Structures are given as structure tokens and as C-alpha cells.
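As written, the chains take the letters A, B and C, and residue 1 is the first residue of each chain.
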Amino acid sequence: MIQKFSEIKIDTEGQRLINISKKIDDFVEKSKINYGILNLSILHTSASLIIQENASKDVLIDLENFFNKLVPMNDSLYLHTLEGKDDMPAHIKTSLTNTNLSLSIIKNILKLGTWQGIYLFEHRIEKHLRSIFCHIIGEK
Amino acid sequence: MIQKFSEIKIDTEGQRLINISKKIDDFVEKSKINYGILNLSILHTSASLIIQENASKDVLIDLENFFNKLVPMNDSLYLHTLEGKDDMPAHIKTSLTNTNLSLSIIKNILKLGTWQGIYLFEHRIEKHLRSIFCHIIGEK
Amino acid sequence: MIQKFSEIKIDTEGQRLINISKKIDDFVEKSKINYGILNLSILHTSASLIIQENASKDVLIDLENFFNKLVPMNDSLYLHTLEGKDDMPAHIKTSLTNTNLSLSIIKNILKLGTWQGIYLFEHRIEKHLRSIFCHIIGEK
């Protein structure tokens, strides 16, 4: 059994889906693990992780709009308003998506579908530095 | 450490929750791994995976109806309309459910609750061939 | 490779987010596994698991309220009403959150963010006894 782990840092600039596939691919390649399972944990509760289409930018905009409509920034809806009008909606959006993802590694390559990309989904409107913990268990 | 993996193919015929527990159980049994963790990855962004009740068919219909109401097929709501009125809603429903599931294997049997079944949730209205990658890490 | 597993039982008393981090931490500590991946499976389809903020109690109330508003207890909306007005909404809320979570263990400590806690999200209004299966794969 080999284990490799690393914390990846991502600068975000407001609500957006950020494709992090390349950074994760680099970590997998560097690990030299051929067969294993990768676990990703975002270490926050106001940004999340999803696997989504990697081709159309409109899909990303539509996702962002859908979630903003579903979880409005309206202080009258929430008790927790101290940290800004976008904070409680960010927590809710995180709970509707994922904080953790597990993926297969086969022949040192992430097993994703042709159209799948890994995204950090930033839900806050200000700049943030986000940490994603990457951990592989596997063998050569 | 033993690793076993396999890609399971499922034919879908429109929006529906399809119980795939039997296929996953078969893979687990064949693997002969007694103790381990199974990771499931659906290799698409318009169909997803969930664990839900395996008894009442009404639960499945209610789930399908809820998601259709929450994420309407209405072109005026989305930029991404090129691939059909059901495509962008399918991406959104996928992001609200799961592309990946991790489950325990104990004594060569999946650790599920009595009422739990594993479902492929097809969100598109046309027929599709879906791939689910199954990967176990464990030992005898 | 070392594997450790245990079933944790939690008494719930109506709809609520219950912080179970301490119980999970205890299991990790007792396992003596230094590096590994922990998989959590809730063995039900009407209660779920999420990682959320561990500081503000208002966040928990807002989450509960949001999900109750999004998925109303209104029999006219559902076919599956036999098990009570809160049962079908509970299944839907489970499908919108998680039945499984995977987390990293580093130096015998769960890799969570400073503000992250692990919660059981009870969606039923009556008392229930809930089971969460905890399974670590790793090494010393």
C-alpha cells in the first residue's frame, strides 16, 4: 500500500465554478500510483466540489444562476446574517453539492468520463484562498 | 491489498430511477474481497447515483417528480439549450445528487441498510447507454 | 493494510442537525490508524450526513428551515404518504444531501477544516435510532 497526499490551494475571485482537473491530474501523475482511489476534501463550508461538464461554459453559468435563484441572498430568510448576505446561502449551496469526492485511478490516470471535469464551486462573493486536501491510497 | 475494478453498462430509457444493487452485488461477490471499500463513479454529467429506499415504487416516482419541478425544462431559464430542453436540467440534477458513492464491504457483502438500494438516476428523456466504474480496495 | 470498522448508534429526537464529530474522532483515535481514508455510511434513507460549520447554531437552524421550505410536508405533492407527511420529504432531503462521506486521516486525526463539523441530519419528526457505519482503510 502506498499513500500520497497534498493540500492544493486555489485563489477564488467571487462566485464561480473553477475547473481544477489539471491540478488534480498533476497530483495523480506525480504520485506515481497506478491503481488506487483518490479522495478529495474541500476544507470549507462555503465552497464545494462537483464533477460537471468540461466543454460548455454556458453550463457553468447556468449552474451558478440556478443555485443563486434556488438559494437567494436575502437577509430576511436567514438568522445567520453576521458574515454577509452571501454567507448563509453559501453554506446551503455547499450542503446541496459536495465537500468530498472519491475517484478511481487506473494506470496512473483519473477515471473520469470524456465530458467530466472536477470543479471547485465558490459560493462567496469576495476573494478567498481555498484548500483542497488530496489523498490517494493505492499501489504501483 | 487487492484491487478489483469493472465498468458496468446500463441501458436507460428516459427519466427514471433504476435499481442497480443486484449488478453491484454481483461485482462485489465476484471480487471475492471480504473487507474493503467500494467506490462507484458514474462517468456522465447528466445522470447520477443515489442511495434510496428499495421498497416503495411511489418513492421513486415522487423523487422524479420533485426533481422535475425543482429544475424545470424551460429553455428561457438557461443559456445552454443546444443539446435539448432536458440537458441543462439534467446537469443541474446531477450536481444536486451524486456522481460518486463510497460503500463498505464486510464479509464480501455491501454494508447497506435494510431499506437501501443503489440507483442510477437517469435525467435525460432519450435512451442512453450509461457507464458506472466500480472499484474495490480491500483484502480477503 | 489495516482495516477498522464500527457501527455508531445515534438517538435522534425530531428534525435536527446533530454534531457527531466527537464520536467519529473517538473511533479514529481508537483505531490507531495514522494514515488512511475513513468512509461513513448512514444506513437509512430518511436521515443523511453533511459536513457543515461547527460554530454558529444559527447556521444549523437556517439549514433546517431552508430544507423544510424547499421540500414541504404537503401530502398533495406526493404519492408516498403512508408513512407520514414527513417521510417522503425526508427521502428527498436525503437525496439532496449525502448518505456517504469519505475523509482523510493524517497522523491519526481527521483532516477537516477549522470550521468543519460532521453532522447527522435527521429529517423525520419522530424519535429514531440511527446507525452510521464507520470504516477506515489505512496503516500505522
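Please note the rule applied: a contact is a pair of C-beta atoms (placed from the backbone, for glycine too) under 8 Å apart; a residue touches a chain by one contact, two chains touch by 3 or more.
What you see is a predicted model, and the numbers here were worked out from it, not measured in a lab.
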item	value
Chains in simultaneous contact with chain B and chain C	A
Rotation angle (°) superposing Cα atoms of chain A on chain B, nearest 5	120
Interface residue overlap between copies chain A and chain C, same or different (over half shared)	different
Between chain C and chain A, distance of the C-alpha-averaged centres to the nearest whole Å	20
Residues of chain C engaged with two or more neighbouring chains	1, 37, 70, 96, 98, 102, 137
Interfacial residue positions of chain C with respect to chain B in the complex	1, 3, 5, 37, 39, 41-45, 70-71, 77-80, 82, 88, 91-92, 94-96, 98-100, 102, 131, 133, 135, 137
Sites on chain A touched by chain B in the complex	1, 35-37, 50-53, 56, 58-59, 61-63, 66, 70, 96-98, 101-104, 106, 111-116, 137-139
